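Quick notes on the structure that follows.
Chain naming follows the written order as A, B, C, D, E and F, and within any one chain the residues start at number 1.
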């Protein structure tokens, strides 16, 4: 655990996670986890003749694994408010290797609460050809260091 | 499979899925599936003293299972463009039972392609007390019946 | 959910499910789920020299997944009594794609209860070459519409 | 591995497997493995008001686990032909402990092949109150010792 | 279950388990089970350029599966005290088939308790080329037959 | 990733991981992953009357999860040689919360290779009452900074 306060986020700062290869097994697990057994994901015969010519990963899996890759370091003073502009840009196939690039896109005041600020991280889930498979904006509410330190200042 | 064209979506139409109880097992599976082993989800001792007083479900799981519940009937003429305004409104605890209410919120032209229209579904993942745990807007691109029928009209 | 009463079943009616490709992952999951780690399923070296020349799917898995494929639409007035004549006709290999064809084979009175009838569905689990891998007869007890409507008739 | 020939099966011989407690986790795994997410198994709220007052195990799971419990000792000269009279007699609930009692019920010639005989095992999957939850008859084709020894006799 | 007392272990006695092929699915399961998503196991692109040229199985998995292969016959009068000299000798790759050779290496008195003796089993997890992938010494505490029989001797 | 060379390890340095609650689901997964379905782990009825009065976690699972908890930060210049003195000291029950305390116990030269040194970490897997459930010594081979810098010194 390492505290990272609102003031500690720099717009433009970028980091990239380690990679993870998407396996047939992940697709089987995701279908079983969510109940989505649509043939685009599960039926190799159907998929061969469909739009992408092979089975594709569930969109919800690319999101869940792509965001999971960023869950390395706990920041106890930040929490997730939500996600905006989640887009599935390229299909992900069995054998693709994903990693997530996170860039601090924007910082803004929270209209309701003075003690936190809002940080927007642009998340790109990239494949092994550096193509963006998924894009989304992660909205974090982060405690301001100033709000914590005030009592000490007195 | 049942084709449902752009013209067949009625703004205001609502349907609700069957329910599914979120188990400790689902949280264990989701951690293992995504690699997110944060103690908020996995450490009952830590969670007891933290914000919600108990382990909470991963946000990405509420989304993946909530959307998975809607994957009952394949519509071969629609596909997912993305999601907007994904918000985690109430925490989900072990033993909560979720179902998803889907309302057609908006229909609009697709600026780039005449043969499809854009349908926005407001998705609410509800718990057993009818509280909204997660909200998001599902953006679908749906083939227009007119574009398919035109050749026949000739 | 959609009620389908005894009277609504037509002998000879047939429907076929969507398909699902049997993966190495499914075999690993089934072994772990049931505790059956026999080398016919789990040991590629052994299987290479054995009867079928490669690992084969567990019979209980072909049954469980083949029947699972039919679990799409809940009929709240029918319930499973049992299965007869379950036969493993062709081995299923990793990569085979299964779907299930269900035909209403027979309708008969239930000797013990007037308010239900007995429906027998012939289930064939087919592979991608349309060969029958598994055959069984599913025995359903289904409420008679007449028994439900009687009070109203009065 | 231990060869057990047709001649070695004694009608009336009985053995009982070790036990296994059916957990909520097993039901989650089975739903994900088969795609059967019916609320009788997965929705505690629904199940509370339904026939059995709580979630029940899938019939296909009782069968697969009940038979899996018997997969302890490989008999390389026997293979499964099928199952007859599979019946779901008592519901299985989360926390029930199952074991399987196998009795040699019948031995008969195989009409098509002289070198094997047909053995029928009556399988009862019992719960912790010794109630039969599932009954089925396992049909084995087993090599006759005589057919193997004949060349030696010459 | 079959009791095997301290006196029943013969130094030098050897047995070998059935085999099991290590699949990509096993690695995915092990990562999810333990939380170890290091790219040596999970990232095919990284692994291609790293030391072994491909993804390798987790050491803890080779141990857990290698020892699991020996869990066939319960000995109710023996229990595991620990393991010594656990060594990872050869990497295990996806598709390798493992089996475990167990040799009784040593028998000695337990310094603290007269009623049990200490048995050391040398365990070698072998691949399909008979190379030792993992070596460890399993230390068992086993009841002495003499201690059980004494009351009877009276 | 962060390089930590042999010289960077300080004997006596200690760190403790985050915690993880062992669930019934973990035991079910571990049995399925390893094939060890012994009733001590899987049969609540049997376990109630046995030594510990309830189901206990597999030893191999405590090891695999306990070590997995330490897999947070990749050190590309260290690799695992093996483990010594692995001992199961206290049973782990469903609901126990584990974390791992790692102390650098010893540093020594590697007799065979000058460019690496050997680091021994004493690992204690602790439960929520700070009792040691498992102890082992992790032997690492770590590149010496001096061996890497030598070319630069020239």
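Assume a residue touches a chain if its C-beta (ideal position, glycine included) is under 8 Å from a C-beta of that chain, and two chains touch if they have at least 3 such contacts.
As the structure is a prediction and not an experimental result, all values here were calculated from the model.
Engineer: Centre-to-centre on C-alpha atoms, which chain is most distant from subunit B?
Structural biologist: Result for max centroid distance from subunit B is chain E.
Engineer: What's the call on subunit A versus subunit E, same or different interface residues, using the half cut on shared numbers?
Structural biologist: Under half of the interface numbering overlaps between copies: different.
Engineer: Using mean CA coordinates as chain centres, what's the gap between subunit A and subunit F in Å?
Structural biologist: Those two chain centres are 29 Å apart.
Engineer: Based only on mean CA positions, could you tell me how far subunit B sits from subunit E in angstrom?
Structural biologist: 45
Engineer: Report, in whole Å, the distance between the mean C-alpha point of subunit A and the mean C-alpha point of subunit C.
Structural biologist: About 39 Å separates the centre of subunit A from that of subunit C.
Engineer: Spell out, as numbers or ranges, the residues of subunit D touching 2 or more other chains.
Structural biologist: As it turns out, subunit D has residues touching two or more other chains at 18, 20, 23-26, 28-29, 32-33, 35, 37-39, 74.
Engineer: Taking the touch rule as given, give the residues of subunit C at its contact with subunit A in the complex, in rising order.
Structural biologist: So the residues of subunit C in touch with subunit A come to 18-21, 23-26, 28-29, 95, 97, 128.
Engineer: Could you pull out which subunit B residues touch subunit F in their complex?
Structural biologist: Spelled out, the residues of subunit B in touch with subunit F are 23-25, 28-29, 32, 37-39, 42-46, 55.
Engineer: Spell out the residues on subunit C that touch subunit D in their complex, using ranges where they run on.
Structural biologist: Residue positions touching the partner: 20, 26, 29-30, 33-39, 58-61, 63-65, 67-69, 71, 74, 80-88.
Engineer: Flag every residue of subunit F that touches subunit C in the complex, lowest number first.
Structural biologist: 29, 31-33, 35, 37
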